[in-house]
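Next come two complexes built around chain A: one with chain B, the other with chain C.
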Partner chain A sequence: MPFKKLFLSGFRGLIILGLFFLILPANRSLASDGGHSLNLTRGKGVYERYCAGCHGVKGDGRGIYAEGLNPKPRDFTKGVFKWTGGPAGSMPSDLDLMMTISEGVNGTSMPAWRGIRESDRRYVVDYIKTFSPRFKNETPPRATFIYPPPPGTPDEIDKGKTVYEKNGCMACHGPKGRADGRSAGTLTDDWGDAILPANFSKGVFKTGKEEWKIYRSIANGLGGTPMPSFSDQLKPAEIWELVYYIQSLRD
Partner chain B sequence: MKGSIVNVKDFTSGIAFVLFTLLCTPAAVAQAYEGIVVAKGGELAGNIKAKGAAPENEVHKVIHNPEYCGDSISEETYLVNPENNGLQNTVVSLEGITKGKKHDPATLVLENLKCRFVPHVLAGMAGDSYEIRNGDPILHNTHLRLEGTTILNVAMPENGKNIKKPLTQSGTIGIKCDAHPFMTGALWVFDHPYFAVTDKNGEFKISDIPPGTYKVTIWHEGVPIKEKEVTIAPGGKTNLSADLSLK
Partner chain C sequence: MKKETVMAKNFVFTFLILFYALFFHLTPASALPLFAKKYHLPCTACHEAFPKLNDVGIAFKDNGYQMGTENDTPLQNLVVSPFSLRTTPNVNVQTQTAVPTDQSNSDNISTGTFNLTGLDFLSGGVLSKDISYLLVIAPFLDADVDMEAAWIRFSNLFDSSWLNIKIGKHELEIPFSQKRAFGLTSSGNSYLVYNYHPGGPANINTFNLGDNQFGLELMGHSQDSRIRYVLDLNNGSMEGSNQAQGKRPNLYARLSFGFDQENISERVGLFGDYGYWPTSYKTEGGTPLPGTGANNKAFSRTGTDLIFNFGSSGTPLGSLMFQYMYGIDDGNLIGQTVIPDTALTCPSPPCGNAFNGSAGGSQDAIFHGGTVELHWMPNLKTVLFSHYDWIFNKQQADISLPDDYNDQASFTLGSRYYLVQSQFSMVALHGEWSYFASKKTNLVTVEDQITNTFFVGVDYAF
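Here is the complex of A and B:
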């Protein structure tokens, strides 16, 4: 082998080797992250196509369609979410976000996104999490345990009424759950907007028809809103009684 | 060359990832505080007073639970001692101190009492805990927002349980009861134990400070934040007093 050729190929090898070392750390984390940055690029694409119109390109909730919407689309930059596995104020898990995105928010403009591919929904979850540093600094706590429901007899509904009255739900939701409690008109959320308590007479829950989710809203509260968590104060049976009672308030 | 080690797509995404990581790394990672034996520590003490007459505290009509809270309730923003003009609930703290006296984890008690948060202003160190209590026969909720972001919102019904939680992050926590929106308070969380809240006479004392020159922050909810510089001499006592103009 002529010397020149050996030198060249050696040199080229060196360059390639050098490049390899340059990108090795990046490539490593890529691998251990399951191609995280690639997912983010895809997530960004999905986000800008389907979500930015409401949630804004920057995730600040100021998309072109946002004006006039009530409730307003979530401002992701604050890192506060309503539907979390743990108590109000804790971070949502990927699963929590997946669930909200797939099922939408009933009775609001937030659509259910089951129509887009599951992998795309996962990428968009990754992408949404880049809007707030909270996702880096805090981890979601273990999800609040949802105890199995009792049968839901008229007796339980009656007990629920007592629990409702004893625990001050009326302050906000009103004596008959018509969102007309004495403090209802004074409530504000983390985004600085006025917010109304849920109106149970309509029989529509933002989380849909599933009762365990109503249980979760009472147990955990709703992050960023005045709805507080009751899990430390009420027994699981009492929370279920409340679930049955407030559903019975439907007109 | 087929099967080369360098794949362009990997390469760009690799770079993108590096950039992304760089972008997302918090600019300043808070340095953990180190507790040491402070030799010849100094003391910072003084008196914070209101300059001139204090503004009236805002009075709110009580809409919910007037039967218990009364028809109206005044805020506790300005608590000025008429005898000596001492301004209560001013938070005085040193800045940027990473090494100093040891701190035993404490539990700060925050009570819902007669439709107020007692105390109105608290200060603690990350690693301390707080315990929320309700002494009133009505439902309150204690809603904590760290720099405006909800970190906790617990219901505090009549005869409910006390809620004890750790303080994990430093910063300013606003306290509010949504059921009674006139109920507010503040909880300051520091990365070090060199802070104090002024008492009824506007007095405070911070002890065992390693000698040196420090920036001191003076905060009161009704006044823009103030900064001063102090020098702590070995074993010495330094006075820091200020008259705050409340308007």
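Here is the complex of A and C:
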């Protein structure tokens, strides 16, 4: 075969494959409702590729790879979430979900999904909201205001210790934050599973190192878990003192 | 139309039809399975389709095989065994034209064999936070055991994703990884530009961008790996007697940027390699002595690449990929016949002979070439892949050679159907046809040589 022909036959093959390409996307964009169902279809695609193995095709937290995981992957059908902008038990905003999905949950099997395209992360947020009717019937409240942090002096850490001891944190988290408080072994979450209080000696926080997020966990509490909200009980300055104190408990 | 083309076409069509007829209705359910197992993820969380990485897989790899959520069980707590294996039993039919033999100046040769692509034993993972490793041992059928990769990486130095250091034998961060190509035939799983040597066998420079290299890689990336850079100092394919000039390591560099839109994402990059190859040695008993190489002559490779990924992160439709590279080899690297050079001064005999090449080519060898590659996923279990590679010589070092001597072209068309891409294993049916032609490389008859390869196999890894 003459050399020129070889080049041509190579290109011909590519062009035929290329034509398939052009036909394909045309088929997949037949949505007529302003794109919403198309977006859900995309969200479903993302969910089934990356999430369903753990969270289950039906969103019930019983994916085929979920066995043996502790904590268990979230059951979305209950519509209960741990990390919300408002107090524990309220609905998470799209932004809250987006943050959890992008940054993952430290110390658990829930990965950080930054690698997934941002638009697709938004679509998967839309999609997981279809698993629970709560998202139709309720709206997320205003996010709890996070007061600007004080400087974090040793004095504040000391004060934090007192706040910690006076407000019952010890009962669950233990005197030194080692998850060995009196009631530590007795706790269960809203999904019916045993749950341990956070162990502060490890220095790993599920929401990452950012202090404002630790503040938020104390102020709001964590939905579906025994970790209560303290925003009514404690002043912002005291919550900050707690943040600094529990950070100091790291081994 | 020649016989082999007709054969090729029939083969491909029969193959595709068989594929779809047989397997479209089966519904069995892709990281190294060892990573998939460890993280409770299917292969497809990190691979668009095994072995090609998607954005999540790239971010995972760039982060030192860590998910980034303080949950990367180190090797010490062996939850699952950190070993994987990959091979592909196959049937391989090959026809070659214009092969000079003792019996004829130009023979057609065909072979048909049952074969294995090789056997990769892989182990990789995290030794401790931000310290990861990879070992790939590839014992081939009757050849030596080859340590294909063995490196350790220190990630996120100074808590920054922009500083990661890898040391050991590793694949260069070339635009299209040859370890992650869909193709399994020799043309299908390699790219001409990475492995080309202008001047053919007369070129003493055996540097291959596609080879795994011994060296030190400094790389950095943005958190989502959309921006990446790599600086790599390495031996430049020099082993044994070629380990001549460790004083002048080979430098490879790459910079790339990724962009996302709803239905398409792009990555654009630049890459380059700059190195030297010795043209004279001291010898002992006639054999060049490692470390004595001198009269280093330069070569360079400079290229650019552009990748389009179609579809969303969840339902990829495929990719269209381009690369273009320009290469220059110093003329002295080509056409050398190694002869003793007594002119090299020996401070105090006996020094052994110093060898120096005869006058090489009279001018630089210059070539350029590229790749157009297309992947198409009609559904999440099927991949059709195709790539077309070419090399043109712009200037031969040896002016007695025709301008187009050893111009090359290759074309690969293949398909993979995944029976399994689960947390534990990957099984894919694989069919491929590849075509390779080199211009005027039968030096006796000055004919073009063409190789056709048909390959059907089952690729599996666990």
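Criterion: the second predicted complex is superposed on the first by the 217 of 251 C-alpha atoms of A that agree within 3 Å, B and C clash if a C-alpha of one lies under 4 Å from a C-alpha of the other, contacts with A are read in each partner's own complex, and residues count from 1 in each chain.
The criterion applied here is as follows: a contact is a pair of C-beta atoms (placed from the backbone, for glycine too) under 8 Å apart; a residue touches a chain by one contact, two chains touch by 3 or more.
As the structure is a prediction and not an experimental result, all values here were calculated from the model.
When the shared chain is aligned, chain B comes close enough to touch A:134, but chain C does not.
When the two complexes are overlaid on their common chain A, residue A:95 makes contact with neither chain B nor chain C.
Once chain A of one complex is fitted onto chain A of the other, the partner contacts of A:221 are limited to chain B, with no touch recorded for chain C.
By the touch criterion defined above, A:182 lies against chain B but remains apart from chain C after alignment on the C-alpha atoms of chain A.
Contacts of A:194 after superposition: neither chain B nor chain C is touched. Using the contact criterion defined above for the overlaid structures, shared-chain residue A:40 touches chain B, although it does not reach chain C. When the two complexes are superposed on chain A, the residues of chain A that touch both chain B and chain C are 20, 25.
In the complex of the two chains, the chain B residues touching chain A come out as 4-6, 10-11, 13-18, 20-21, 24, 26, 63-65, 138-139, 141-145, 148-158, 160-161, 163, 169, 178-181. Remark: chain A residues 1, 3, 6-7, 9-11, 13-14, 17-18, 20-21, 24-25, 42-50, 53-54, 64-66, 68-69, 103-120, 123-124, 204 touch chain C in the complex. On the side of chain C, the complex with chain A involves touching residues 2, 5, 29, 39-42, 44-45, 54-60, 67-71, 223-225, 260-263, 265, 310-315, 317-318, 320, 372, 374, 376, 378, 380, 384, 386, 388, 390, 407, 409, 411, 413, 423, 435, 437, 439, 448, 450. Residues 16, 19-20, 23, 25-27, 29-30, 33, 35-38, 40-41, 78-80, 87-89, 130, 133-134, 136-137, 166-168, 171-172, 181-183, 186-187, 190, 221, 223-230, 232-233 of chain A touch chain B in their complex.
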